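The same chain A turns up in both complexes below, where it pairs with chain B and then with chain C.
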Partner chain A sequence: MSGRFRAPSGGRVDRAKPVRFSFDGQSYQGVAGDTLASALLANGVHLVGRSFKYHRPRGIVTAGSDEPNALVGVGADDAHYTPNMRATQIEIYEGLVAESQNRWPSLRFDVGAINEAFAPFLSAGFYYKTFMWPPAAWKRIYEPLIRRAAGLGRAPAKPDPDRYTQVYAHCDVLVIGAGPAGMAAALAASATGARVFLCDEQAEMGGSLLSEKTAMIEGQSAGDWTAGALAGLAARANVTLMPRTTAFGWYPHNFLGLCERITDHLAGADPKLPRERLWQVRATEVVLATGALERPLVFPDNDRPGIMMAEAARIYANRFGVLPGNTAVIFTACDSAYRAALDLKSAGVAVAAIADLRAAPGGVWVDRARAAGMEVREATVVTGTTGRLRIDSVNLGKLGPDGRVSASETIACDLLLTSGGFTPSVHLFSQSRGKLVYDEALRAFLPGTSVERERSVGACRGIFDLEAVLNDGTAGGSGAAEAVGFAGAAGRAFAVDGDSVGSDGFIGVTPHGGDPSRTRAWIDFQNDVTENDVKLAIREGFRSIEHVKRYTTTGMATDQGKTSNMNALGLVSQTLKRPLPQVGLTTFRPPYTPTTFGVFAGQSRGDLFDPVRKTPVHDWAVAQGAVFENVSLWKRAHYFPKPGEDMHAAVVRECRATRQAVGIFDATTLGKIEVVGKDAAELMNRIYTNSWATLEPGRIRYGVILGENGFVMDDGVVGRMAPDRFHITTTTGGASRVLTMMEDYVQTEWPNLDVWLTSTTEEWAVISVQGPLSRKVLEPLVEGIDLSRASMPHMSVREGKICGVPTRLFRVSFTGELGFEVNVPAGYGRAVWEAIVAAGHAYGITPYGTETMHVLRAEKGFIVVGQETDGTVTPDDCGLGWTIGKAKKDFVGKRSLARPAMMAGDRKQLVGLLTVDPKTVLEVGAQVVADPNQPIPMIMLGHVTSSYWSATLNRSIALALVRGGRTRIGTRLSVPMPDGPIAVELVEPIFYDPKGARLDV
Partner chain B sequence: MSDLAIRENSLGRLASVIRNIPSATLAVLPDTAKLLFRGRPAAVDVAGRAFGVAMPQEACRFSARGGRTAYWCGPDEWLLQAGGEASAALFASLDAALAGQSYSLVDVSHRSDAITLSGPEAAYILNHGCPLDLSLQTFPVGMCTRTIFGKATIMLSRPAPELFHIDVWRSFASYVWQLLEEACGEFA
Partner chain C sequence: MLLIPCPHCGPRAELEFSYGGEAHIARPVDPASIDDDSWVTFLYERSNPRGVHAERWRHLHGCGRFFNVLRDTVSDTIAASYPAGQPRPALSPDGKGTKR
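Presenting the complex of A and B:
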């Protein structure tokens, strides 16, 4: 049998299918259809966890996602371990391993419970007050201790082996919640032909109807009607049923996040399946059918295991066939607990007494309870309970007309069921920015003005009577479909035979007559917040509910106060003697229930975290043992170490080879834009600082682009392929930024220009061949291009063929040596690269990476945008004043350059730095100062932007931006470092071949 | 040296191990000539006549005839694709026909590679990275659009109800392929 407390029959579980699972190392048996909570209760286990702060023994309180106490860790091994799962939502399967949390060494005996003894010191805001002295102790003692104690559950240390996926989906009507209102809405909406999604967080759809035993719908039992309705929905092609799917977040324009749990309930799930799937749903209309949550009554010692919600007990009895105890006492402020009492009694639980807060309860449910022989105590409250790991008795008190409480009796029991009425679940409505309205009669905040295209139906908008709920759902479903544009289906009225339980209830702390400083009435179970904590916060001056919430942490646990918020509000309202709506309501934020990091990460992990852009030469470089670096999304070869070489040795060798013979470098990642049209040169003139009108086809020019603020934004060489066609290159990281900027100008400022832009970054592979022997390497490979000095001077471009494929061959140099950049269609990049390497073999051709490229360009004082510039550098600052076409009427950024501050003489200017000790290599980013002995804060004159060891010069070199730098050339400054200041001499920012003799060969 | 270098598809290596998943099948499309045409309205008609396929005027639609397809990419922008043709010859013939017009023609044959995804679950698989509503009502056969797939930009088109073409820049192709493969895994 599946536990001592399993009724012999009844419920929706399958007693023929036993399921074994373990909890805290002990093996138990449940049955198919059980949750972990129902299976534990069936085995008589109520104690499932220790509370967060005081380590109080805690039991199962609810039967759903509002559960504050029964948080457990699940998973047979560390990799599959998930902490803080609600036992009420975990479906058991064969071999499930679960454990309680926040206890040591065991759940029944927990050392942490010593915190109880210090409770007077651990009240709300204790960490602001208690650990003040001595000040130094906070960092070393208090904070580490508190941090170790804080947090619930244990994060798994191993990587998550499960798959998670994310899918976008669209529907006309999304119905959230598959209780009676949601099912009726889905039936009505889908009857119009609309695409309908119906999601529900539970494994089985049906909501409250799954535990309804007496009401009849259209002459059928609730269970039969539900089965029929779901079968009807499943048969419709335009309906998608999504069980185990929590709508956790509402984002603008009806974009909702739904988390579907796919394998958590399966033993040995198909490894192909994701553990969870994130549905990113764009719904034209949303129907909220999220129901209502039962509110606990707050009274002294209301947190012992065995004290639970009346409706939860009814669900365990009716739906799971589980008796949550032998003898129950009911403490209620509404009729629904009577319905629960009757169902429990018929399931076999003895009901010792019903304590009703109301002075004169009456009506059909009260009459039925009395007729069933239950003792109803009117105007009666619970003043306390006893029992260490499980409740064993309840103290009742009589509530006088003056509000005073007099002790009346003590009743032995192992179950205390409470009900303070129902709170509509307006979380998602509130997330959608809808305005809530307080309803005095229902003591509830209800959806008021909508902001998004949504509507609420059923209990989540305060409609509790089943017949009214079904009809409200129908109206909402067809209304939503109509709003989408589907012809509404004929209105359907459901006939229900059943009695309403009304809408009585209570908010706040029930009168108990105890000394408030000695009793502990728990408002927020999960964060251990008591009546006293809230009152203390108010005494200390917190008035706003948002402040009370943060000071006491009520409602801030993982359940976001589903069971506690209204009672906290009620207590503040009682204490401040201010109407509840004036106290206000805290904000509901996504997610509705805790959601895994895995499902937010989805497929974006490992290789798929980000696109990794590779050039056509990448695999060749990998085979050569290249070390790569990330440049934006690209992988670029950083250097090519030979066996036994470190980076320094490899770079020295690569630099020497390029300066003395020939090097080959993959420049494919450079951004490229083709500018074509009659007005192409005009656009170039307006965008670049340089003048382009005089550039002849077949020639190239280095150009600089400024932002409108006058600061350098990008640079690169540009070839004029024809009078109406330019081939632009940009920096690797700036490609899309430049294209976007140019396209923006063309479309919005100068639509009259006949010019169009096309990104050609990925069309061309760019093979840079540099060094005195580069011409010799390329000459035999090209057709139709004369590479000689006379016919193809520095800064020219020719079209022709190389290795039989078309090329745009640039004669250009970023190294200071004779050099060429071979552009070939990307698909031929690898083949042409290999052909050049083969042809260069005889000349000692050496592949080099970005590090060598940087050293070589720094030796020549060529800047790199983003290294020598940082968004505050003008062309003149970095020595590029010569690129500005003085005769030009205008270009982007020109006006900004005329501002006085942009022309000030003490701006930071690009200079070269030579350390007095040639072996010392400066650190990039280091500050440059005049007097390293000046007391801090020193006057900082500038900073090092590039710094390398130059094998060619056999000394270190550096570039720096220094205030008024050009006037300081020839002087000495200092670079203060932790090991002492480094003396540097300021020089012209060019270290090698200043006349450019090596280029013109 | 005049040996024609061998063209390499950026997906060649990944696509050499295609799993047989009938409900969502991935394949690499053969290389084609691709030209990007942009121009003033007068040039658009000329280009259409010269190409043999009129430039679609409706946003996000493509027209095909023989092996040639014109994809609408923007109000003044079309991608012209010609299967099995040499891009240089196509470029030259269009360029000649367009003489005197205001236009831009750029050879982008190597800029992108293309993937097909076919089968009853194709749209669902695409929705693992593409946020568009891919139902036949809102994304009918004959539609094309630039959109995203995960973190990459793609051009998506639908030649048949259960067939999509994904044109993606070379360096993003392996990411898109792997993300599609990962999503298809559910049906492997």
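Presenting the complex of A and C:
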């Protein structure tokens, strides 16, 4: 048998299929179809957790996603562990391992419960009041203390081994919630031919109909009708049924986030399956059929295990065949609890009494309860309860017409069921930015004005009668399909034989006659907020519900106050004597229920987190033992260490080889843009600071691009391939930025220019061959190109063939040596690279990486955008004033350069720094000051932008931006560091071959 | 995620687009003739309205075209989208324009 409290028959569980699971190390047996909550209740277990602040023993309160108490950790090992799962939503499977949270050493004996003794000191705003001073205590005492005490559950310490997938989907009508309203809406909408998604957070669709025992729909039992309706929907090709799928978030333009749980309920799931799937659904129309949540009544000591929602008890009895207790007392303000009492009694639970807050309850349900022999106490409240780990008695009081409460009787029980009526679930509607309106008669906020294309049906808009719900769902479903553009299929009306339970209820704290500062009536179970906390906040001057919420933390737990918000609001309204709608409502935010990080991350983890760009030479560099660095998304060879070499040794060797013989460098990552058209030169003139009109085909030029604000944005060499064709290169990281900027101007400012832009970054492999012997290496490999000094001077480009492959061969140098950049179609990159390496073998050709590239360019004082520039550097600041075409009337950024601040003499300017001790290498980013002994904060004159050991010069070199730097050349400044100041001499920012003699060969 | 109507391709998800700031801020034809204050206004000052905002988007991962959108910054409702270079359309009195 699956527990002492399992009824011999009834419900939707399969008693023939026992399921073993463990909770806090103890083994239990449930049956197929159980949730963890129903299986524990079947075994008589109500105590499932300790509360957040006071570590009060807490039991299962609800049967759904609104559960505030029964949060458990699930997972047999640390990698698979998930904290804060609601026991009411966990489907048990063979071998499930679950544990309670927030208790030590055990659930039944918890040391943290000592907090209860300090309850007077832990009231609202406790953190704000207690941890005020001294400030030094924050880091060592307060913050660790709060961090240990705060937060529910524990985070798993190992990486998540599960997979999560994501899918985009579109539908005509998305129906959220598969209760009677949602099923009717899906039936009606899909009958028109519309493509319909129907999702529901539960494993089984049907909603409230799954626990409906008496009402008949179209002459069928609720269960039979539900089965028929779902079978009908499943048979339609235009319907997608999505059980175990929570619509957790509404994002603009009818874009909804749905989380489908795929394997959490399976023992030994197929490892090919993802654990969860994120559905990102764009729905033309949305039908919200999200139902309503039962509201607890708030009274002193209302948090003991064994106190639960009346409707939840009915669900456990009717749907799971579980008796949540032996003897129940019911405390209600509405008729639905009578229906629950009748169902529980017929399942075998004794009903000791029904305490009804109302003075004169009446109607069919009350009559039936009385006829069944139940004691109905009118105008009666609960004034307190007893029982340590489980309720054992209830104190009742008589509510007088004057509002006073007089003690009346004490009743022994092991179950207290409460109902304060139902709160429509308007979370998603509110997330969609729809406006809520307060309905006085229903005591509920209901959907009002829509912003998005959606409609609400059934209980979530305050319609509770089953027949009305079904017909509202039908109307909503066909209305939504019609709004999409589908016609036909008039909605049929459903006939229901059953009695409505009306819509009575209560909001706030029920009268109890006690001193609120001595009694504890819990409003928010999950965050341990009491009536007294809320009243204290109001006494201390908080009026806005948003402030009361943050000060007391009511409604701020993982359940977002699903069961508590309305009662908190009601209490504020009662206390301030202000109508409830004027108190306002806190904002609903996604996600509706806690959602895993995994499903948001999806496949974007590890190697798939970001795309990786590799050049055609990448694998060759890997085989050579290159060490790589990331430059934007590219993998670039950083250096090529030989056995036993560290970076320093490798770079010294690579630099020497390139300066003395020949080096080879993979420059493929440079951005490349082809600019073509009659007005290509005109566009170049407008975009770049330089003048391009006079550049002849076959020549190349170094160009600089500014933002419209006048600051350097990018640079690179540009070859003119033909009068109407330019081959632009950009920085590795700036390629898309430059193309976007040029497209922007071409499309929006100068649409009349006849010019076309094409990204060719990935079309060309770029092999840079640099050094005095580079010409000797390449000469035997090229056809149709004369590499001689006379025929192909520095800064020229030729087209021809190399190794039989078409090439654009640039004679250009970022090293200060004779050099060539061989552009070949990317597919030939590796072959040509290897051919050059083979040809260069006799000359000692040496592959070098980005570190050597940087050292060589710094020796020549060549800037790197993003290193010597930071978005506040003008061309003049970084020594590129010469690139500005003086005769040009306009170019992007020119006007900004004429602003007074851009021409000020004390701007930071590029200089070279030589440390007085040549062995000292400065740190990039270090500050430059005049007097290192001045008081802190020092006056900072500038900072080091590049700094290297130069093997060529056998000393350190650095570049820096220094205020008024050019006028300080020849003087000494200081770079203060933790180990003491470093004296530096300011020099021209060029350290090697200042006349460029090595290029003119 | 917004559903943005590209005037050239039709409605597409926001992740295909890149945002381009406020629309209808034309670069002066002759910047040299503009005084410093006017130039700074052109460079940096934007209207940042609460309500309908004319803004530029580029269908980066689609047709690549820049175009303009009238979007309500409160509700995110897009009332119109139109090619770059066209004047800002007048909205119907209900503020909803002609396109949804």
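Basically, the second predicted complex is superposed on the first by the 993 of 1001 C-alpha atoms of A that agree within 3 Å, B and C clash if a C-alpha of one lies under 4 Å from a C-alpha of the other, contacts with A are read in each partner's own complex, and residues count from 1 in each chain.
We adopt the following convention: a residue touches a chain if its C-beta (ideal position, glycine included) is under 8 Å from a C-beta of that chain, and two chains touch if they have at least 3 such contacts.
Given the structure is predicted, the values throughout are model-derived calculations rather than measurements.
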Q | Touching partner for A:Trp634 - first (chain B), second (chain C), both, neither | A | first
Q: Classify the contacts of A:Arg282 with the two partner chains as first (chain B alone), second (chain C alone), both, or neither.
A: both
Q: Could you say whether A:Lys17 touches chain B, chain C, both of them, or neither, answering first, second, both or neither?
A: neither
Q.
Going by the contact rule set out at the top, does A:Arg108 touch chain B (first), chain C (second), both, or neither?
A. neither
Q) Looking at the overlay, what does A:Arg433 touch: chain B (first), chain C (second), both, or neither? A) second
Q) Which partner does A:Arg578 reach: the first (chain B), the second (chain C), both, or neither? A) neither
Q.
For the overlaid complexes, name the partner, chain B or chain C, with more touching residues on chain A.
A. B
Q: Mind working out whether A:His253 is in touch with chain B, chain C, both or neither, as first, second, both or neither?
A: second
Q) Now for A:Asp890: first (chain B), second (chain C), both, or neither, which partner does it touch? A) second
Q | First, second, both or neither for A:Arg388, with chain B first and chain C second | A | neither
Q. Of the residues on chain A, which ones does chain B touch that chain C also touches?
A. 168, 280, 282
Q. Chain B touches which residues of chain A in the complex?
A. 163, 165-170, 195, 272-274, 280, 282, 603-604, 607-608, 610-616, 619, 633-634, 674, 676-678, 754-756, 758-764, 780-781, 783, 801, 803-806, 824-832, 835, 839
Q. Which residues of chain C touch chain A in their complex?
A. 1-3, 13, 18, 20, 26-28, 30-32, 34, 36, 39-40, 43, 56, 58, 60, 64-66, 75-78, 84-85
Q | Sites on chain A touched by chain C in the complex | A | 168, 251-255, 280, 282, 433, 451, 708-709, 740, 743-744, 747-749, 751, 889-890, 894-896, 898-900
Q | Residues of chain B that touch chain A when the two form their complex | A | 1-10, 13, 31, 36, 38-40, 76-77, 88, 102-112, 124, 127-133, 135, 138, 150-152, 169-172, 174-176, 178-179, 182-183, 185-188
